[in-house]
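Next up, some structures in C-alpha cells.
Look for chain A in each of the two complexes below; its partner is chain B in the first and chain C in the second.
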Partner chain A sequence: MRLRIIVASVSLILSSAIAFLLAPSSRAPWVIIGLLCFGGILLFDIYNQLPRRWMNLVIFLLTYALILCAVLENTAEAFWRDFAGALFFTSLLFEQNSKPWSGFGPLRTTVTPALIFLMLILAQSVPSLPPELNYGFSLGAIIIAAYIELFCIFRENTAFNAGSFMSALRIACAGLGTLFYSSVFIPEIARQHPFNLMNIVLPAIAAIVALFSIFLKHWRRRQILFYCNWSLFIFWAALSGETFRFYAAIGALVAGVWTIMMTDHESANPQNQRELYLKLSTWGVPGSFLFTIIIFALSPTTDDLVRQGSALWLLSFFIYWSGLRSFVFQKERTTSKPEWDWRRSLALVVTLVGASLLAGIRVLPGIFSEIWNQVGGVR
Partner chain B sequence: MSSYHLLLPQCTILIGVLVLALFEIVDKKFHHRQGWIVHVIALSLAFVQQLLLYRLPASLFVTGGMILDGTTQLFSLCVLLLSILIQINRQTEKYSSQSQTSILTLGVTFFCLFAIQSNRVLFSVISVLGMIWLAHGALATETKLKEETNLIYSGIIRGLIFLVVGVLLSILCISVFGESQMDEIQRVIVRGRLRQPPVFAIEVLILFLGALVLGVPPFGGILGRARNHSSWSLSLGLTGLFAIVGTNIFVRWGLLVFTRPAIGVLELEPLTTWNILNVIRVISVTGLVLTPLLAILNKNIRGSFLFFILNPFVQALFALSFGQREILGGAIAQVVVSVIIIGLLISSIQALEFSPTATLKEWMALGRTDMVACLSIILALSSAAGLAPFYGSFLLQKTLSINSSFGVVLLLNMVLSGFYVGRLLTLAFHGGTADSSQPTISRTQKMWFAAQFIILIFMGIFWQPLYKYGAYSIRQFFGEV
Partner chain C sequence: MGYFVWIRSGDPILWGGIAIFLAMTLSEVFEKRTIEPFTVLSALFFAQSLLAQNIGVVIICIAFGDMFLNVEIFSGGELLEKNRAIQNICRSLFSLLPVTFGVLLGLKGHYFIFIMSVTVMLRLFSWPFPHWISEEKKDSAFFNLLVSAVSSFALWRGQDFSTFPEWAIIWMAITALLSLGAQYTEVYISMSLGAFCISPTYGLLAAAMWPLLVCRGKSVYLVALFSAIAGALISEAASKVVIENTVYVLSGLSALILARPFVSLKPEVRTWLNEVRDLLLSVILFGLFVYVLPIQVPVIGPFGGTFVGVFILTYIIGVVLYSKRPKLFEPLQGLRGPLIPDLTEPLSSLNEKAGWQINLGEGPLSVKFYRALESESHLIWLLGLLGVALYWGGR
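== the complex of A and B ==
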C-alpha cells in the first residue's frame, strides 16, 4: 500500500511539474489548481480507497493527466475531447469501485451520462448548426457533468458511494473543466439573451434537485445531490462573469474536493474529541464556504438576473439544509474503524484553520470596513 | 538498392515457414516452444526489415509488379505487428502446440504482405486466395476433429467464390485496359475514352471484393463459421488481418486507380462518371450503422467482438471516402491504432479463458473478480468505439462533419458504440454473483496489458504525430513523390 501511495504521489508531482514547465504563464495557475484538487484527493484519502488497487491509481493518474492536457489545450475542440476523456475515466472508476448493484437499467450507471456528455460535445460538429445551438449543447454537457451521480441515485447501495474518492474526483474534473471553459473558451453569446437567463435557470435546476432531495430518506443520497448542486454552483459563479465570484468558485471547488475526502464515513465517537471535531469541521468547511459564497452571490451587483439567481441559490441551499430536520443519528454500518492517523490530524488542522480563515476572508474585511465607516460617520 | 530488396520480409517469413515445416517433417514431436520461438523470430525480423525499407525511393517501385509507397509500407507494418501480437498471445494458448497452425498462420502473413504490396490485381487476387485457404486451414486445426473437414471445405468454397470474382475482375481489367497493373490502369482511364459499362463493372467488382475481405456488414467476412470455435487469438487476429487487407483493397484498387489529385487543392477527384468516393461512403455508412448494431444484438461474446473490432476500420473507410489529404492521413493512422486495439483485446480476453461459445451471462460481474483483464477489454472496446480520449474520438468526427452531413452517421455510430461499451461496462461491475473459477492473471500478463494500453492511450492523447505520419504516407496519392 505504501509503495502505491509513493508511486502515485511522485507521478502526480512529476506530471504537475512537467505541465507547469510546459504551460504558458496564463495557464500555470490552472495546473496549480489541478494539483490542489487531485493532490488533496490523494492526501486526504483517510480510508485509503484510492491506493487499494493499482488499477485505481492508474486511472486516477490518467484522469489527472487528461485534465492537465485539457487546461493546456489551445482549441475548444481539444479541450472538450480531453475533458470528455477525463469524465469517462471518472465514471469508469466510479463503476469499478462502487458498491454492487443489480445492473439493470442503462440510465442508472454513471457511464451513460459520461457518454451523453461526449455525444453532446460531438453534436456541436454537426454542420450548419447555429452558434446558439452549439452553445446549448455545451451547456447541456456541463449540466450533465455536474449531475453525473444523479443518474445512479436510485440504484441499490448507492448511498455508500457518498463521500467516496469517486465523488471527489467527479467534482474536481467537472469543476476544473467548467471553470476553465468559463474562463477561456466561453463564447460571447453566453452573456447575451437568451443565455443570460442561465443566471436564473441554473439555480432553478438546483432548487428543483434540492426539493427532490427532501424526498430521499437516506441522508447520504442527499449528500450526493448536494455535491452535484455544488458543482453547478461553481459553474454558475464562474458564468456570472464577475471576478470575485470566479475566485470564490475556485475556492469552493478546492474546499469541496478536500472535504469530501476528509469526511468521516462512520459515526464519530463522542469519547474521542478529535473525531468529533473532524466530523463537525468537515461539515463546517463546505458550510462556511457555502455561506461565504452566498454572501458573495448576494453582494451588490448591477445584473438583476445574477441577483435573482443568488436568491434562488440561497433558497436551494436552504431547502437542502432543511432536509436535515429528519436526520437521525443512528449507528452506521462499519466493519473496521480506521485508527486516527496523521492524515486525520492534518485534515482537522486544515478544516479548523482553513474554515475560519476562508470563511472570514471576504466577510470580515467588509464588516470591519462597514463598522469603520459607521463609526466614522457617527464622529 | 534493387527491387529485390522489397521481398526481404517475405523471404524471411518464407524461411520461417520452411524451418517450421522442416521441424514438422523431421521430428513430428518437436516441442511447440521451439516452433513458437522460430515463428516470433521470423515475424520480428520481417518487421524490422520492413521498417528499414522506408529508405527505398517509392517512385522506383510503384511502376513495377510491386508497390512500396508510404501507405503500403504502413499497412505492411500493421500486418506484421498484428501477426507478432497474435503470436505473442498464443504463447499461453493451449492450442499453440499444433505446429500446423503455426505454419499456416505464418503463411497467412506471407500472403498478406503480397496482397498489400502487389501492383497487379491478378497477383493480389491469388494472394488473398492463399490467405483465405490458409486462414481456414489454421482455424480448422483448432476445432474438433469431426468439424475440421467441414470447415476446410467451407474455406475452399469461399476461396473459390473469391477466386471466381477475382479472376473475372482480372480478365475485365486486362480486356478493358490491356493490363492488370494498377498504375497503368489509372493512366489509361486518365488518357483514353473508355466505354463506361465495363469500367463500371470493374468498380463494382472491386468494391464488392473490398467489402467482402474487410468483412463490412452485411458480408460478415469470408472466414465464416471457421472463426466461431477456434482460439480467441486466431479468430480475432485473422479478422484483423483480413480487415487490413480489405482496407488496402479500397485504397489501392479503388482510390488510387479511379481518382487523381485535383489541381490546386489537396483533394482527390473521381476519374469516372460513377463517383467511387460516394459509393465507398455509402458502403461505409452502412457499415457504420450495422457494425455496432450487430455487436449489440449478438448475445455471444465472440460474435459481438468480431463485429465490433471492425468498427475502427469502418470509421477509417468512411474517412477515406472523403478523398481529402488530411482526412486520409487520419484514416490511415486509424488502421495503425486498430492493430493495437486488437492486440490488447486478444491478450485480455485470452487471459480470462472464455470459451468460444461464452455469452454475456459469463461476462456479468466479471469486473468484480478479474478487474484488470476486464478493464483492458473495456478500454480496448472504448478505443474501437472511438470514445474520448482514444484516437479518432473527435478528430474524424469533427473533420468529417464539417465536410458533409454524412457526419451525422458517424455520430450515430458513436452513440451505438457508446451504448455497447456502456452496457458491457455496467454488466461487468454489477452486483451479480461472479464466477470464482476464473483463472488468476499473472503479473507478467498484467504488465503486458498495461504496456499495450499505455501505447493505445498515448496514441489517443498525442495524436498529432500519428496524424502527420498518416498524411505523410499518402503523399504519393497527391503526386508529391
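== the complex of A and C ==
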C-alpha cells in the first residue's frame, strides 16, 4: 500500500512539474489548481480507497494527465476531447469501485452520461453549425458532466459512493474543465440573451435536483446530489463574468474536492465532536469551509439575473440543510471506525482555517480599515 | 469591543445596543456565577452583529452566534439534547433565510422591511412555529434572549423607519396577532422594536428594560407597564399616518390581545438583592439614555389613552378571570410539521431493494456488455474503445 502511495505521489508531482514547465505563463495557474485538487484527493484519502488497487492509481493518473493536457490545449476542440477522456476514465472508476448492482439498465451506469458527453462534444465538430447551437451543446455537456452520478442514484449501494474518491475526482474534472472553459474558450454569446438566462436556469436546475433529493431515503444519496449541484454551482459562479465570483468558483472547486475526501463514511458519533464537525462541514453549514465559499460566491451584485440566481442557490442549499431537521443519533453502533489519524487532523485544521477565512476576508477587513481610518484621523 | 464602542460613541444606537447587551450578560453572569466558553463565543458574535454596519455581515455574525450556541447545547446535554442541537442548525438557518433572500435580491423599502420582519418574527416568536431555544432546558432564558432579542435588534436597528412610519402600527398589529401563542417576554421585545419604528430613542429606552427579562423576578411587572407605554406611543404616532377611527380600532384590539400574555406571567422567586441588582442595571441604562439622548417628552393623547385604558382594564379583568379559566390566558400551541422518518438503519446492512427496472432491450448482449464494464480484466478493451473514439473525434 505504501509503495502505491509513493508511486502515485511521485507521478503526480512529476507530471505537474513537467506540465508547469511546458505551460505558457497564462496556463501555469491552471496546473497549480489541478495539482491542488488531485493532490488533495490523494492527501485526504482517509480510507485509502485510491491505492487499494493498482488499476485505480493508473486511471487516476491518466485522468490527471488528460486534465493537464486539457488546460494546456490551444483549441476548444482539443480541450473538449481531453476533457471527455478524463470524464470517461472517471466514469470507469465508478464502475470499477462500485458494489454489485442489478438491473443492467443503461440509465443506471455512469458510463452512459460519459458517452452522452462524448457525443455532445463530437456534435460540435459538425461543420457549419451556428455558434448558438455549438454553445448549446457545450452547455449540455457541462450539465451532463455535473450530474454524472445522478444516473446511478437509483441502483443498489450507490450510497457508498458518497465521499468516495470517484466523487471527488468527478468534481475535480468537471470543475476544472468548466472553469477553464469559462475562462478561456467561452464564446461572446454566452453573456448575451438568451444564454444570459443561464444565470437563473442553472440554479433552477439545482433547486429541482435538491427538491428531488428530499425523496431519497438515505442522507448519503442526498449528499451525492449535493455535490452534483456543487459542480454546477462552480460553473454558475464562473459564468457570471465577475472577477471576484470567478475566484470564489476556484475556491469552491478546491473546497468541494477536499471536503468530499474529508467526509467520514460512518454514522455520526455524538462522543467524537471533531468527527461530527467534519461530517457537518460537508453540508456547508455555518462554520465550515464550504459555507465561507458559499458566502463569497453569493456576494451581492448589481446584475439582476445573477441576484435571482443567487437567491435560487440559497434555496437549493437550504433544502439540503433542512435534512438536519430530523437528525437523530443512532443509539447502537454496529460499525467499527478507523482510528483518528494525522489525515483527519489535517482535514480538521483545513476546515477550521477555511471557516475562519470568512471572518478573515469578509468581517475583519472592515474592522481593520475602520481602526486604520481612526488611527489616520488621530494623526 | 470596547474600542469599537468608543470609536462609535457618536452613534448611540450602536453603543446603546451594546450597553443593553452587556447589561443582560452581566445579569446572567451574576445570577449563574459561571459562563461556558461557547456561550462567550456566541455572545461575542452577537455583540459583533450589533456593531456591524453591513446587513450581510450582521447576518453572518448571527449565523455564527447561533452555531456556537448550538455547540454549547450539544456539548453539555444528553443524547436527546444533542439531537436537538443538530436540528437547531436547520431551524436557525431557516429563520435567517427571508432576510438573506432580501439582501441577495437587493430589495429596498417596504419590501425589505417586510422580509426582515418575517425573519424577526421567526427568531422572536414561539408561535405559530415553536421556537427552538424555548425547548431547551439548559440556560434557556439567556440563550433565548441572545437568539431573539439581540439578533432582532441587530437586524432592526439598521433600518431607517423615518420614511416608513406606518411600520410601527403594522408591527404592533403583527405582535398582537402572534402574541396569541407567545410568552410575555417575546411581546415586550417586539413592542420595543415597534417603539424603535417611531424613534430609535424610544426603542432604546424600551430596550433598557431587557435585563429584567433575563432572570424574570418580580420586577417583570415593570415590563408590563412599559409595554403599555410603548403601545400608547405607537398608537399616538399612528394617528399621523392612518385614519383616526382605524387607529382607535387597532389600538383597542391590540391592547386587548397584548394584555393577555401578561395575565399569566409567573415571576420567579428570588432574593431581594438579586431583584434590586437587575432593577439597578435597567435603571442605570434608562438613566444613561435619558442623559445622553435628545428626548422629546411624549404626550399621550386620546389614541394612546385608549390603548393604555384597554390594556389595564383587560389586565385587571384577566387577573380576576385567570383563577377560574386559566386556559383563556395560556399561549396557543405552535404548529409542528410532520417529521421525516428516522433513518436508523446501520450502514452495513442497508439491504436496499433494486432500483427502478428499466427494460430497454435487456438481453444476453447487454448483460455481457454491462458485466464487461464491471470487470477489471475487460478495462483494456474499454480504454481501446475510448482511444478510437477520441482519435475519431480528434480528426
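Going forward, the second predicted complex is superposed on the first by the 315 of 379 C-alpha atoms of A that agree within 3 Å, B and C clash if a C-alpha of one lies under 4 Å from a C-alpha of the other, contacts with A are read in each partner's own complex, and residues count from 1 in each chain.
Going forward, contacts are C-beta pairs under 8 Å (C-beta built on N, C-alpha and C of every residue); 3 or more make two chains touch, one makes a residue touch a chain.
These numbers were taken from a predicted model, which means no experiment stands behind them.
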If touched residues of chain A are counted for chain B and for chain C, the larger one: C
Which of chain B and chain C A:235 touches, first, second, both or neither: neither
Partner chain in contact with A:300 - chain B first, chain C second, else both or neither: second
Chain B versus chain C as contact partner of A:85, first or second or both or neither: both
Touching partner for A:219 - first (chain B), second (chain C), both, neither: second
First (chain B), second (chain C), both or neither touched by A:95: both
First (chain B), second (chain C), both or neither touched by A:322: second
Touched partner set for A:69, first chain B, second chain C, both or neither: first
Which superposed partner A:311 touches (first chain B, second chain C, both, neither): second
Which superposed partner A:127 touches (first chain B, second chain C, both, neither): first
Where chain A meets both chain C and chain B, residue numbers: 53, 55, 77-78, 81, 84-85, 88, 92, 95-96, 98, 100-104, 106, 109, 111, 118, 121-122, 125, 156-157
In the complex with chain A, residue positions of chain B that touch it: 364-365, 367-368, 371-372, 375, 378, 382, 387-390, 393-394, 397-398, 401-402, 404-405, 407-408, 411, 414-415, 418-419, 421-423, 425-432, 450, 457, 460-461
Of chain A, residues touching chain B in the complex: 53, 55, 58, 62, 65-66, 69, 77-78, 80-82, 84-86, 88, 92, 95-96, 98-104, 106, 109, 111-112, 115, 118-119, 121-123, 125-127, 156-157
Residues of chain A defined as touching chain C within the complex: 53, 55, 77-78, 81, 84-85, 88-89, 92, 95-96, 98, 100-109, 111, 118, 121-122, 125, 154-157, 159, 217-220, 265-267, 270, 273, 280, 285-287, 295, 298-300, 302, 307-308, 310-311, 314, 318, 321-332, 334-335, 358, 362-363, 366-367, 370-371, 374
Complex contact set, residues of chain C against chain A: 3-4, 7, 48, 52-54, 56-57, 60-61, 63-64, 66-67, 74-75, 79, 82-83, 86-87, 89-91, 93-94, 97, 100-101, 103-106, 339-344, 346-350, 352-360, 362, 366-367, 370, 373-374, 376, 379, 382, 386, 389-390, 392-394
